[in-house]
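In what follows, chain A forms one complex with chain B and a second complex with chain C.
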Partner chain A sequence: MKKLNILLLLLLIIFSLISLFPIYWTIITALKVNSEIFTTVPIFFPVKITLSNFYTPGQTFGAVSQTAFGSFPWLLNSAVIALLSALIGTFLIGAPAAYALTRYLKNVWLGRTVLLMMMIPEAALIIPFYIIIIKVNLINTWWGLTLVYLSFTAPLSTWLLMGFFSDLPRSVEEAASIDGLSAYKIFYKIAMPMIMPGIMVSIILNFINSWNEFLYALVLTYTPFPTGAQTVPLFLSDFIVIEKSFAWGGLAAAGVIVIIPTIIIGIYAQKYLVKGWTMGAVKE
Partner chain B sequence: MSEVVIENLTKKFGNNLVLDHINLKIDSREFFVLLGPSGSGKSTLLRLIAGLEDITDGSIYIGGKKVNGVQPKDRDVAMVFQNYALYPHFSVYDNIALPLKVRGFSKDKIAQRVKEISGILHIEELLEKKPRQLSGGQQQRVALARALVRNPSIFLLDEPLSNLDAKLRVEARTFLKSLQKELGVTTIFVTHDQSEAMAMATKIAVLNRGTIKQVADPYELYMKPSDTFTAGFVGSPAMNMVPGKIVKDGNAWKFAAADMALDLKGMKFDSEAEVIMGVRPEHVVISTEGITGIISTVEPLGSVTYLEVKIGGTDIMVQYTGLARIEPNSQVKIGFALDRLLFYDKDTEKLLNK
Partner chain C sequence: MNRKQATKIGLILASPLLIYFLIFFIYPIFLLFRYAFTNTAGSFSLSNFVYMSKDPILYSSLYNTLYYFIGSVAVQFSGGFLAAIVLNSYTGRLKNTFRMILYIPLTISPIVIALIWLLIFNPTYGPIDYILRTPINWLGSLNLAMPTIIVANGWEYIPFVFLIIYAGLQAVPKQYYEAASIDGMNRLQTFRYITMPSITPILVVAFLLNSIGILQGFTLVYVLTNGGPGFSTYILSFYIYKVAFAYFNLHYAAALSLLFIFIIGAFVYAMLKLTSVERYLGLKRENAGDE
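What follows is the complex of A and B.
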């Protein structure tokens, strides 16, 4: 028993090291000077620490540069689009749809179709989406990309929240209907607040998925803020060839900035994630 | 004014018949108990009155008005659920105030009513708390307050005491009974606990498998259960049931069973019949003469002692008043209070000696 625990611990440590190493490497690269980045023998513990990969004096906002500071126009687009698609996907589509599916249309297949929608690969939808977005004149805009992102945030929210709603004790909603609330008010004043952990999980997962999305953004946007809606993953991919040089330090610094929001959200949301997942899965 | 009339009410879930042609009249200000085992349809009947389920066939009238298809909120009923169904994200105050807020009462009026009702239910000091911070008994009072705050014409309770521990349950039923009397609100109370029903009701309807077996006040229900189901369900320990025959012997009637024979002095029957004799444990007495049996078990409860007496192959439960040191396996003689004997037809299971 004890031996097994030690073995398990060892495995966990090895696994953590493997998964944390790329993050560590990105962070130290972001802090290295060029002479320590371009070495034949990799330097794992940098001697000289610099912040010049993040910002060099004299840079102006929005200008393309070899530092992470240049990523802000893309970051702004990412933040707006990820927030919009996370919130709309959760509050305007996911939650009402999940509630209706669990309370009124007790149709198992309709619920499963939602799940099916999430299984269609992005690559299969990209051309139809491109044509649609061009036709409605939303190419390279916040709303264009948000609409397309809803194609994966809304089904995930719906599917996730269906589990939460069906686990709620019906009597609370029945009590509300006797107390005089309309069906609509029962939904947003009683049922929604009761699945707050689920709502949080939905927003977080939607935000992270939208924040990290690459393929749709690549095809449907082509300039950064303020002229377009290019998101930060595109900034990263373009970084390497900016001005025909290889700015590894700047790329790593930008990478650090990009993962900061997801890490902050992850830490803050951990209690909701754990509570949320178990609440959705385990019947009390 | 606020009586409830139920006519030929039928409810099906799919092909499953849950309530079969129910007819009931519940008078104004009555404390009416729907009593039955689980699956008898009593909760479904309550939910139909509340409007939480759709009626398959028949009608429900509340205060003289037909309410088939009327929304729960428009029926002027209030309900307390078994799990209390409080709004977990609201404070106690907001829980109680919600029915008034929805109905557009002014802030002052709401505050006054909440104060009033929380005073009656002794929960004034809990108003700022959230439901999860309360004990079961406190939650129950909050649920009662929420239901009563808007003076409903009908008050529905679905096993509200079953989540309380035994001591609290007895306290709560006394409290609830006096509260109902004080407020004078027509109350329909669902329970599977016959002692709860007996203790609280002014009238009881016994349900089994979707049909009403008997509607009576607690006294009549206990003394003259109209069929074997009610006889067996009401009373604890259960009534003794002895199958046998009623036979005529000259001018007198006799009860003859496998292990006993009784002279039924002063009783009259229409004809000889196969019957089941019912007799409550307190109507069997230990005496110096009578039928001989062996005591198989002794249950000393304090105020009474229950003895199980074996007479041949028949077990008879006897209630002995008081606490006595009685050894099992000793021989006793028992007699029956003849005027308390009940005879049920073996086939129809209906009471013969009304």
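What follows is the complex of A and C.
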């Protein structure tokens, strides 16, 4: 029994190494000087630590250069678009729809429709989205990309929140209804506050998904802030194309900047995230 | 409140979603049909579908997509299942810490995954080739490019399967195990007769969600191999992108998109018909009308 447990612990340590090593490698590459990056015997524990890959005096702000410093205009676009699509997807679309579907519209086809919206891959819709966004003249704008990102944030929110609303006991809402509150007031004054954890799950998951999205941003945006809405994954992909063989330190530094927000959320919002990812697949 | 009133309130609350659905799902699919069934001059034509039937790049994309799909499912399910079983059987402290460490890759942007694996798989300076003592051109070789992408993608999504199965294992009531040990079942029997039946619904749901995630794949191919070498890592999503935005043939790309949706639709339909996934997801109740 004890022996087995030690074996399991050993396996868990190996899994953890597999999970963390690539991240560790990126971080140390970002902190290495060039002479320690391009060595035929890789240096696993660097001694000379530098921040010059993040910022070197004289670097152009807002351009793909050799350091991560230029990424800020892209980061700003990412933050705004991810927040907009997370909040709109949760509060304006997902929550009311989820409430309607659990309390008023009991039709299996509506649930299936939401599921269908989640299942169509991005690549299958990118052409019509491109045509629509051009037609309404929102190409390369915050609102253009936000509208498109709602195509995954809104159904995911609806889906997640349906699970939370259906777990809610009806007695409170019934009491409020007897007190004369309208159905809409019951929704946003009584039912919504009671599923705050669900709202958090929805916002966090939507934020991460939008922050990480690549294909739509690639097609629908082409310049950084302030002239356009290009997001930070695009900064990184241009950077990779240009500096694939040269500025690895700067590349890794940019990668670190992109993953910091989502890793921090991953650590601090563990409870919410795990619930979101398991998506009501596991009833507790 | 009567039924009519309830429906009215429901429709008003759901109206933002319904309006969005009309503009960003129904209309796009209509647009896909319109583009797919017309030629560049704008008149009705079946030429896109005729071309599709004899397009060698499409056939290799379909083959690669299948390869990528089966490989990814195998890697992600075996990895996720193993990790979940190990963590669930482990009886020590730090269980939640291990869970957190094991799911961290899931929070990372695919574009950064691409970057990370470019650094790690580099034949000259990368740590993997150093440990193996042989420089291998992972992404530039016809036979290795796709497996490399499957592994890199697996590193990100094994945690997804792991999390779902682990949550499922945790939800198995302790009394079942107690009863099994009173009945004198050994470890293997307990796994076979208690654990497996309890988590079957979770496995089915995990498979469905995971498959959809895998078919979303695009970024790694775009950044790591750009479809190459040759056409060896062209998957359907990448081919659609290429046709539309590198060859600027929106009409043929629309036809390919319809094919993609049709394939996914057939897959999901088969899942719904062959398994009880809808019941597991809570879409369908065990007994109709138990409300």
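By definition in this document, the second predicted complex is superposed on the first by the 257 of 284 C-alpha atoms of A that agree within 3 Å, B and C clash if a C-alpha of one lies under 4 Å from a C-alpha of the other, contacts with A are read in each partner's own complex, and residues count from 1 in each chain.
Definition applied: a contact is a pair of C-beta atoms (placed from the backbone, for glycine too) under 8 Å apart; a residue touches a chain by one contact, two chains touch by 3 or more.
Computed from a prediction, not measured in an experiment: that's the story for all the values here.
Three-chain overlay on chain A, with chain B and chain C fitting side by side and no clash.
In the superposed model, A:163 makes contact with chain C only, not with chain B.
Of the two partner chains placed by the overlay, only chain B lies in contact with A:179; chain C stays clear of it.
Once the two complexes are overlaid on the shared chain, A:132 sits against chain C while remaining clear of chain B. In the superposed model, A:270 makes contact with chain C only, not with chain B.
Applying the stated contact rule after C-alpha superposition, one finds that A:194 touches chain B and leaves chain C untouched.
Contacts of A:42 after superposition: chain C is touched, whereas chain B is not reached. By the touch criterion defined above, A:108 lies against chain C but remains apart from chain B after alignment on the C-alpha atoms of chain A. Once the two structures are superposed, chain B and chain C can be ranked by residues of chain A touched, with C on top.
Think of it this way: put the two complexes on top of each other by chain A, and the tightest Cα contact between chain B and chain C is 6 Å.
Listing the residues of chain B that touch chain A in their complex gives 50-52, 71-73, 77-79, 81-83, 85-89, 98-99, 102-103, 146.
Residues of chain A that touch chain C in their complex: 4-5, 8-9, 11-12, 15-16, 18-20, 22-23, 25-26, 29, 37-42, 44, 92-94, 96-97, 99-101, 103-106, 108, 110-132, 147-148, 150-151, 154, 158, 162-163, 166, 183-184, 187, 208, 211-212, 214-215, 218-219, 233, 236-237, 240, 244, 248, 251-252, 255, 258-259, 262-263, 265-267, 270, 273-274, 277-284.
The part of chain C that touches chain A in the complex is made up of residues 6-7, 9-14, 16-18, 20-21, 23-25, 27-29, 31-32, 35, 83, 86-87, 89-92, 96, 98-112, 114-120, 124-127, 130, 155, 159-160, 163-164, 167-168, 171, 202, 205-206, 209, 212, 215-216, 218-219, 222-223, 236-238, 240-241, 244-245, 250, 253-254, 257, 260-261, 264, 268, 280-284, 291.
By the touch rule above, chain A contacts chain B in their complex via residues 169, 171-172, 174-181, 185, 190, 193-194, 196.
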